[in-house]
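In the part that follows, the structures are each spelled out as structure tokens.
Two complexes, one shared chain (chain A), two partners (chain B, chain C).
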Partner chain A sequence: MAEPRIIVVGAGPAGTRAAEAVVKAGIRPIVIDEGRRDGGQIYRRQPDNFSRPYEKLYGTEASRAKALHDSFDALKGQIDYRPETLVWNIAGGQVWTANGHVQETLTYDALILCTGATDRLMPVKGWNLAGTYSLGGSQVALKSQAVSIGHEVVFMGSGPLLYLVASQYAEAGAKVVAVLDTSPAGARIKALPDLMALPSVLWNGIKLTRALKKAGVPVHHQITPVEIIGDAGSGVKGVRFRKASGAERTIGCDAVAVGYHLRPETQLADLARCEFAFDPGTHQWLPRRDADGRATTQGVYLAGDGAKILGARSAEASGKLAALAALCDLGLPVDGGEMTALRRDVATYAKFARGLAKAFPWPAQQAAALPDEAIVCRCETVSAGNLRAVMRETGAIEANRAKAFSRVGMGRCQGRYCGLAAAEIIAAEAKIPVEQVGRLRGQAPVKPLPIAIGEEG
Partner chain B sequence: MSGRFVRLGETERPPVTLHVDGQPVTALEGDTLMVALLSAVGTLRSSEFGDGRRAGFCLMGACQDCWVWTELGDRLRACSTLAASGQRILTSQPEPTWPNLG
Partner chain C sequence: MSTASDVIIVGGGLMGSSAALFLRGHGMSVTLLETDLIGRQASGTNFGNVRRQGRALHQLPLANRAIAIWRKSRELLGADVEYLQSGHIRVCYRERPELVGAMEDYADKARLEGLDLELLTGNALRAKFPFFGADVLAGSYSAMDGHANPRLAAPAFARAAQRMGATIHENTKIVDAQKVGEDFLVTAQDGRTFRAPILLITAGAWGNALSSQFGEPVPIVPRGPNMSVTEPVPYAIHPAVGVMTPIEEETVYFRQVARGNIVLGGSTRGPSYPDEYRSYVLPQNTMSQLKQIRRLAPALSKLNIIRVWSGIEGYMPDSQPVMGPSATTSGLYYAFGFSGAGFQIGPGVGETMAEIIAKGGTDIPMEPYRIGRFAE
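Up next, the complex of A and B:
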């Protein structure tokens, strides 16, 4: 019998551990990754000619990052590794890839999607100004290029990344003007029972907050973002926000990093026709999967933050678990005890992730309060007022219908940065629960392709 | 305008020289095009929809806000393209755009 073809999409923590499990079973998987190097976003590797040590790049996660990179390096001769390659469609039982101008289709017996996450964004007036970056983007600048996104940086939003990146910037010598957190400090107390699922990770988080204080960085809790101010030509000049007391304040800066935790990249699962379900804890639509990562589409497996935001540690466990499930379904022998242990690990990480969602809640209420002139879609400069007017004119209250009429979600990012907020705006305007708005369908190509793409000649 | 990004280390790399809107810009080997440009200038492109200049957003190839152009007209995603000596980059779209707001 021919060796089954297993394709792993993504070479971050989930993809690396999935590929490793497949190799261990004696099969050579195809590993397709958009990055120039492995590691994903969280353990993104700096270019070859950079010299900062692991401790400096990854802090408390240095040994995990190194272990993951070493594992991937050890796999290199045993996998068909395709870096800088985009999977832009899944259709007809085939994976469609693009590398530069070369396109290829691949069939598979098992497809393990480890597609990772991007920042989750809530628009604020002025976020289209040059100098506004996603929180994750600001971390990429530092981690993979050793630069700060500006001379004076404000970090705004919520989630564990807010404190992590702000403290990494301060430690690297960047000027951090302030950390503005939308979540109330009290939420963290309520989340404690869940956060205690991983005491060492919780402790790392507490240490970050203390380090910021020690570095003299002002941290404001329970703020409401009002506006990123600046001008259309030269970009950001400051941030206006409302303090918990109700008083408004303006802080000068030339860069803002904004983010509200993460959202999974689910377009490929969608194109593979996996069923989705609404997750009320995070207000996100997620592909359905069983405890081992089996999607509702046969032969498709989901792991890591691309399936649900559970963090990098969980991604390593769920990546391996999904690969073992795939091997098992292909009739290969797997260690049942190992799968049980991995399921238990993932359950612990899931409890911690529930705690994070409670401690740093998605500020859905901001969508209703967003002024009409605020841009919702940065790609095509569609304002909240445009979206609301389209709803009034057409009665569109379903995500894809509202997109068709307003173009919110139709631009070059394909709704990655506006889709979740647009759904909240529609829900608030129509006075319906956000799950009734539905979700934006994934469309191929999931990212822009060059017009001159073709088969290899 | 002076640069938007600030280098915090790793500055002992060999230089590369590229041209941005006709002006020579010195960057470092291993820089992405985005870092090479924004270490020297403030923005990367203009929004086609009339709301001003842009300087990228996500830095991970997801938002497509950092497109720049070569003088030959090829479009490059600045956050995922490496800077190289001899590149001739434009921060204005060479083909016509369709501003729809005025």
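Up next, the complex of A and C:
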């Protein structure tokens, strides 16, 4: 029998552990990754000629980062590694890749999608001004290039990344003007029983908030963002927000990092024609999968944050588990006990993730309250008012229909950054539950594809 | 009890929606039934060419009628469907010099039908439109053609029809249509029934399922257009551009919308599945399209495409639609199977079908579209 063709997409924690399990079974997988180096987003490796130590780059996660990188380095001779390569489409049991202008078509028996996550964003008036970054983007600037997004930075939003990035900036010597958290402090107390599923991670989070306090960074809870102020010429000049007391306040700054936890990158699962289901806990549409990561499309497996936001530790477990499931389905021997243990681990991480979702809730109500002049879709410059006017004129209340008529989510990012918020705006305007709005269908190419692709010479 | 009206239209694409609007203009009551949402398949996913040149000469009277409606679309519809009368260029390549003669011949005959075309050499074209590649030998320029936004057009016609008093039911899948006495009785999947003495089938790729119920099956084949769009760049390319060639793979076209994106189409068509309401762009078709676009307009090679899409179109073996009265059943009319070329003539089709239904005839030549031609 020919060796099964296994393709792993992504070289972060899930992809690395998936590839490792495949190699251990004696099979040489293809590992395709958009990044220049392995590690994914959370364990992003710095450029070759940079020499910051692990402790500086990854803090409490330094040993995990190092272990993952070492594992990947050890795999290099045993995998067909394709960095800086985009999977731009999936059809008929093949993935279509682009590396610069070079196109390749690769056939798989098993496809393990470890596509990771991006920031979940909620629009605020003025977020289209230069100097506004996502939390993840601001972290990439620091982690990869050792630069800050501005001289005086405000961190606004919610979720663990809010505190992590703010403290990383403070520790790196950047001026963190304030941390503005939309979640109420009380939500964290309610989430404690779930968060206790991982006491050490919880403790790391508490340490972050203490470090910020020690560094003299003001932290405001239960705020409502009002506006990022500034002008088109000079960009961000400040942030206006409403405190829990109702009083409005403006803080001067020249850069803002915003984000509300994460959302999975599910476009490849969509192109592979996997079924999706609405997850009420996170208000997100997720590809359906079984406990081991099998998607509804045969031969497709989902792991890590690309399937559901359960964090990096869970990604390592679910990546390995999905690979074992794939090997098992291909008729290869796998250790059933190991799979059981991994499932148990993932369940623990899932409990913790439920706690995080409760502690840092997605502020859906902000979408409903967004002023008409605020831009929702930055790619296509569609404001909340544009979207609402189109709904009133055409009666469109389904996500793809609203997109067709208003252009919301129709640009370069294909709604990956505005789609969730746009759905909340539609739901609020139509007075229907957000799941009835549906989800934007993914369309190839997953990211912009050069017209010069496949050009000879 | 069933809902009654003068006319039932089955199929809420551009043909059905515009027919509903014009039938209201004749004072007839109309019920439009759409299986999904208005204009979501062929009418909403096509390239958006408002192009007369290149059509079969017998289609030009219909195309001229349509262009008059496109020109007044903003007033007629109370909505902007992004119609631009910005010209259309059809070019041929060096390796097919014989096509220059065919272009000249077409231009001579089209002029008699009121369509003025200007023939230009490759160099003259490149002087005026520097994006053309070296392979372009000659071109035919139609100043009065242009393009519009397919996503907006059919829904705008439907909303205008509704404002004029037409009744529209979306998400209404028709499972049965038959003539009972003087009336047609049309039944939806959920059991609702609709009754009218006149029935117009404008159901695109699904048309055959209904015409077969009246003993008139047609050899329609569902296919999907192969579409892409680039990121927005400064608005510089005004005319829509297409290639004249006997080779399907070479048949590509593009247009730039006023906000800057360039829409690419053609090369090959993809599979579509009317029963599932889905169609797919095959990656290999995207690749062949991009290759052909690079040949036609090398300057576009520097751009990226950000999205591809398709829809469900109904193709007839002779590329001509089924249009006009039924050959078996009085009061039954058809307008479907526009074979990937219905967008421009759509409003003209609606106006003509309304005229035939309300007045009993039209000056527009209808002979080439008879449903009976497949039975002969």
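Note that in this section the second predicted complex is superposed on the first by the 454 of 457 C-alpha atoms of A that agree within 3 Å, B and C clash if a C-alpha of one lies under 4 Å from a C-alpha of the other, contacts with A are read in each partner's own complex, and residues count from 1 in each chain.
Quick note on the criterion: a contact is a pair of C-beta atoms (placed from the backbone, for glycine too) under 8 Å apart; a residue touches a chain by one contact, two chains touch by 3 or more.
Since the model is a prediction, treat every value here as computed from it, not as a measurement.
Visitor: Based on the superposed arrangement, let me know which partner A:V140 touches: chain B (first), chain C (second), both, or neither?
Guide: first
Visitor: Once the structures are superposed on A, label A:M339 by its partner contacts, choosing first (chain B), second (chain C), both or neither.
Guide: In the superposition, A:M339 touches no partner, neither chain B nor chain C.
Visitor: Which partner does A:R412 contact after superposing on A: first (chain B), second (chain C), both, neither?
Guide: both
Visitor: Who does A:A350 touch here: chain B (first), chain C (second), both, or neither?
Guide: Neither: A:A350 stays clear of chain B and chain C.
Visitor: Tell me which partner A:P445 touches in the superposition: chain B (first), chain C (second), both or neither.
Guide: Only chain C is touched by A:P445; chain B is not.
Visitor: Considering only the touch criterion stated at the top, classify A:A404 as touching first (chain B), second (chain C), both, or neither.
Guide: After superposition on chain A, A:A404 lies in contact with chain C alone.
Visitor: Can you tell me whether chain B or chain C touches more residues on chain A?
Guide: Between chain B and chain C, B touches the greater number of residues in chain A.
Visitor: For A:Q103, is the partner it touches chain B (first), chain C (second), both, or none of the two (neither)?
Guide: Second partner only.
Visitor: Considering only the touch criterion stated at the top, classify A:N89 as touching first (chain B), second (chain C), both, or neither.
Guide: The answer is second: A:N89 touches chain C but not chain B.
Visitor: Does chain B (first) or chain C (second) touch A:T394, or do both, or does neither?
Guide: In the superposition, A:T394 contacts chain C only.
Visitor: So which positions on chain A get touched by both chain B and chain C?
Guide: 412, 448, 450
Visitor: Okay, in this complex, where on chain B does chain A touch?
Guide: Its residues touching chain A are 1, 4-10, 12-13, 29-32, 35, 39, 42-44, 47, 49-65, 75, 79-80, 101.
Visitor: Which part of chain A faces chain B closely enough to touch in the complex?
Guide: 34, 36, 41, 46-52, 118-119, 128-134, 136-138, 140-142, 145-151, 172-174, 231-235, 254-255, 265, 375, 378-381, 412-413, 416-417, 447-448, 450
Visitor: Residues of chain A touching chain C in their complex?
Guide: Residue list for chain A touching chain C: 88-89, 91, 94, 96, 103, 105, 393-394, 398, 401, 404-405, 410-412, 414, 443-445, 448-455.
Visitor: Where on chain C is chain A touching in the complex?
Guide: Within the complex, chain C contacts chain A at residues 37, 44, 79, 151-152, 155, 159, 230-231, 280-283, 286-287, 290-291, 293-294, 300-309.
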